[in-house]
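Shared chain: chain A. Partners: chain B in the first complex, chain C in the second.
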Partner chain A sequence: MKLIQLLLLCCALLLIFAVNLSLGSVSIPFLEVPSYLWEGISSNEQSAFATILYEYRLPKALTAMLCGVALSQGGLYMQSLFQNPLAGPYVLGISSGASLGVALAILFATGLKEFFYSAFGLSLASYHLQLGGAILGSSLLLALILHFSHRIRSNTALLILGLMIGYVAGSLVSILAYFGSQQELQSFLHWSFGSFDRVPWERLPTIAIPIILCTLGSLFFLKSLNTLCLGESYAASLGVSVQRTRQFLLLSTSVLAGTVTAFCGPVAFIGIAVPHLTRILFQTQDHRILVPACSVLGACLCLISDTLSQLPGSSQTLPLNAITSLIGAPLIVWILLRQQSTSQGVN
Partner chain B sequence: MPTHLINTSHFFGLLILLLQPVLHASQEPLIQRARAFQIEEVQNGYKLQTFKENKLIQQILLVRDSAQLNSQECKRQKCLKIPLLNYASLSTTHLNSLSELDVLSSMRAFSRKQDVSNSWLSKQMQKGKIASLGLAESVNMEVLLKLAPQVVFTYLPPSDMIHKDLLERQGIVPVFVGEYLENNPLGYAEWILFFSVFFDKLEMAQKIYSRIERRYLSLRKLASQHSREKTVLVNIPYAGTWYMPAKNGFMAGVLQDAGLKYIWAESKQGNSLKLSFEEVLLKSEKLDLWLNPSDVKSKNELLAIDSRFALLRPFQTGMIWNNNLKEVQGQTNDFFETALARPDLLLKDLMIVFHPELFQGVKPRWYHRLK
Partner chain C sequence: MSTSLLSCYNLSTGYQLKSMEKLVHENLNLEIQSGELIGLLGPNGAGKSTLLRTLSGLQDSINGKVFLKGDLMKAVPPKTRAKTLAVVLTSKISDQFLKVGEFLALGRYPYTGWSGYLSPNDHEILDEVIDQLKLGNFVHRNMTELSDGERQRVLIGRALAQEPSVVLLDEPTSFLDLPHKVELMHLLWELSRKRGVSFLYSTHDLELALKVCDKIMILNQKQGKGTYFIDSPEVLIQSGIIEDVFCKGGLQFDPYTASFQIQQSSKFPLNWELNSLDKLQTSLTEMALSRLGFERKGEATLSLQFNREEQSYQLTQEGQIKQSCQSLGELIEILHQKSNDFAPISTKINNG
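So, the complex of A and B:
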């Protein structure tokens, strides 16, 4: 049953992917999308439509899907790790940590590039620095929250702590932005709006490889994740290496959230909303279903958000972050209200 | 051969040798004041270089003959056939030069229509004949790829352009225009020469620039003869910080050339000074004039933003001038589109404000006194 549901979700993803490819500022007839796409892949002399589809929309759609996979997996891992249904990369300030790393990378780009070139002979592009900064920032923040999580047992207190650390990271970003030049500030501001169109073909491997590796890595921890949900001591008594699972989740979430934030900006609410939505749809706590289902649903939601932010038929585009928040926030409220009424019904 | 002839030929040879560096030196570079670009005349075209912080950012070879595009030279570096047939621009600061060069009709796309004050361009954008691309940082790639202009003039350095490689693969060349890096007002105006070579209109641009330079220098000379050492305050605070043009910047340069004492020149900070309200208040007694207070049209509008503005001396003496006279008259304000590229007009306006006795009966183009 669950497998059929998953299969149906995959079909929905394919449909949403096709719709995403066919809609944009330039209108391309839906039925002609495959032929233009093929022209883009096979021919060197491309028409404008083929170029738009193959060179612009296709990498954008793939990026949206990868980000959906990464953020929803990151959210699921954090919820399992903290045993807290409200945990997520954005809520716990992990994205703020990544933002801090990116802000540092943008502001000190020239100095950092010179340093890496003179010290290691590495000629780095701005996006390499941003990726490194984001992963480092998110890792540090997550490690800090995890450190406190050993001392603080209350879920609410931990969430508040995460929020506070996120605020500190956010205020450091503001201070850095204050000292930046007008151009650096503008560059940072546009990055913070969020967008999936910042990953052309040549950069796609840089974002795809970490996400694919983390997803493959998670396959080895599915059972451990299930057992961890029953409590750390119980998991340990069943022979699960709690420490190793914890380390994997920490590293994986930092890489997933950091990679997405570096390229696409701090994308809000996908990480927290998708795992909940998946649990409601699939009525399960089994990570062997939750991880793939979360990934597919996350990809769907990111593609839908991207399609809406492109304002099809108009030459304007809306910030992606605004769209994911507009979809995600009401979804969380609905989930909370639903949980409240379910628990009242049970009582 | 008679000895006197040998001596004469030696003499001429020696003379030529001695004069060679002098002759070479007398060939003045095409660009005199701008620091962020250089143009060099090469065989049947131009070599164009742009710089940022003294580093070469972009080099393009502009060639008149299509056959040259297949040459070895063009395999080594970016080449473009001139004159351009079409292009896109992503900044209003380009518009004055493009309009003066009479090439606006070749434009296929521009940044945002709400920022345009040029009436012709505004109409074309409203009719949809010239497309809107949005801001350079989030440019609408689909529209850009569909229209495929030969060149996109942008303020973003190539390293900050995410889709640079994609654009180049499609034959669209992003051209970095760093006129905002110029500190010298005339250096800014000289960027018309930068645009002109893309349309093979260098001579026309040189004539336009020479006129601007001549007017600017004569106004500056006039101001220096009548300097009264007035002190000036610029802008209003934004989110608690008063951004003041730095002493080496464009605006401070024009203000000083207009014969004003720019007291913020004492600071040695970067490009734009960040001051608190308190720091400005401390110098209030020394201030004679207040210029460019955001987009306000009256003193009441200024007070509505912050009632503490009334504490400043220029507010009490009524010496507040803003650059939006056209808006007050119900027209579109072209100050930000024109004033930077035409420092002569800006200097004249400021001198009418500061030295009205020198321009009796002449009304400013942009400035008006707030009532």
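So, the complex of A and C:
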């Protein structure tokens, strides 16, 4: 039953993927997408459509899907760990931490590059620095929040704390931006709008490998994740190593959120909205269903957001962040209202 | 080493408060044998939950050792421990989409592989638990849709799915009404006899515990120091420990019925003679008299009799019938009136 639902969702993903490829500033006939793609892969002499598809739209669509997978998984892990439906990489300020890292990486790009070259003989590209900065920033913030989470038992207080830390990181970013040069500022601003089109083929492995590794790692924690919904004491009484599960979840969330943020900017709301949607669609708490379902649904939602932000038929594009917020924020309001009414119904 | 299921020697419980160590109890010794039902009692804040958490290995002891089947608890691998010891906690399970069946299946966690796949044997054990606790009607419901009584049974079911030898329960009866409390205690008692599972449960319901438990452990705090007693209910009653610990603020313990009575502060003298009533009626009438604050005194001017021929209660003062009535209800009304007449005097005396 749930597996059939999952299969249907995969079919939907395939369809959305194809639509995403066919739409854009120039519309490529939907049914001819596969043949142009094949042309792009196989032959050297390509038509314009094949070039657009293969060199531009395909990596963009793949990036969007990877981001969807990463952010929704990160959100699911945070919600299971904090046992709070409002947790998510963006809400807990983890994305802000990544932003801070990226801002620093952009601002001190030349200095850092020189440092790494002279110290380790490494010639790094800007995106390497951004990736490193983002993952460092997000894990630092997560560690900070985790440190407080031991002392603060109330989840609401913890979320508020996450928001506050996020604000502080945000204002530090503003201060850094203020001192940056015109060019640095512009490049940072452009990054902060969010977009999936900054990952050409040669960089795709850099974003794909961490996300795939985290997803594979999660397979070993599916059982533990299921017991966490009973609370840490019950989980421990069942023989789960709560400490190890917690470490994995935090590490993989920082890597997932950090990787996405480094390349695509702070993408809002996917991480919090998708796990919710998945639970409501699948009516289950079983992470063996939730993790794959979340990933597929997250990929769908990111593809849809990307398609919309491309404003099909026009040469303009909207900031991705605006679209995900426009979709995500009402969703969360709806979920909150729905929760309120169900809890009243129970009482 | 002894072969008891769960035991502790010279155990000190407590918790870390910031950098300070807060000691709750010292030198606790306890041995739980197979099939024993043990009630853990004590006033609020006596350290019952702390002891349960320490015994279940969820919390470190400050000092002393806990043994599970003769092995040091700390040295037992978590999965092995989970196959011997299960807990039922007070924390609320608020997951919207968690089905009762899925919740019970989580009890099989220590036995399943990495994917959590349930083998036919696992299903068999789950079915047995569902059957034994009569959970069949709600395995498909969500956890949030259960009543308090149903939920408690499901929680115990999940613990039993672990096939434990010993189960520790933190206040399993606290939100239940009396019939459900009794039902639950009966269930634990039955499980301890039929399956040989030992239960240690904390509770505030001493009267019920005295009637079903094999042993009772009483924790108390006296002048900041923890004391404890453990024995069979009858021996505890005999030694007067129960009165010592629990009889505060007008509470009296009646060792004959193993129940508590509320001591009335104002006492009105009354002489009564109810021999002609049957046993139940006598007991009920005396209950009403005690509740309304009357005390039996031979020299009292006011006296109450039951006249068998007329089938009526008679209140007499110096040999003269003042009032009479047919039913217990009427008598209570009259006595209530009388106690109000007395009251101003007694308050005066109290104030004086």
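Methods note: the second predicted complex is superposed on the first by the 347 of 347 C-alpha atoms of A that agree within 3 Å, B and C clash if a C-alpha of one lies under 4 Å from a C-alpha of the other, contacts with A are read in each partner's own complex, and residues count from 1 in each chain.
Throughout what follows, a residue touches a chain if its C-beta (ideal position, glycine included) is under 8 Å from a C-beta of that chain, and two chains touch if they have at least 3 such contacts.
Please read these numbers as outputs of a predicted model, since none were measured by experiment.
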- prompt: Do chain B and chain C fit side by side on chain A after the overlay, or clash?
  reply: fit
Task: Figure out whether A:Gln5 sits in contact with chain B (first) or chain C (second), or with both, or with neither.
output: neither
- line: Here the angle between the directions from the C-alpha centre of chain A to those of chain B and chain C, rounded in steps of 10 degrees, is 150
Message: For A:Asp197, using the defined touch cut-off, is the partner it touches chain B, chain C, both, or neither? Pick first, second, both or neither.
response: first
Message: Under the stated touch criterion, which partner chain does A:Leu230 make contact with: chain B (first), chain C (second), both, or neither?
response: second
- prompt: Taking the superposition as given, does A:Thr206 touch the first partner, chain B, the second, chain C, both, or neither?
  reply: neither
Message: Quick check on the superposed pair: does A:Gln285 touch chain B, chain C, both, or neither? Answer first, second, both or neither.
response: second
Query: How far apart, in Å, are the nearest Cα atoms of chain B and chain C after the overlay?
result: 41
Partner chain B, residues of chain A touching it in the complex: 24-26, 48-49, 51-52, 55-57, 125-127, 178, 181-182, 186-187, 190, 193, 195, 197-198, 200-202, 315-317
Query: chain A touches which residues of chain B in the complex?
result: 131-135, 137-138, 140-143, 145-146, 148, 159-160, 162-163, 165-166, 169-170, 241, 270-272, 274
Message: Help me check something: in the complex, which residues belonging to chain C touch chain A?
response: 53, 56-58, 77-83, 85-87, 89, 91, 93, 95-98, 102-103, 106-107, 109-110, 112, 114-116, 144-145, 162
- prompt: Can you list the residues on chain A that touch chain C in the complex?
  reply: 219-220, 222-223, 226-227, 229-231, 233-234, 236-241, 279, 283-286, 288, 339, 342, 346
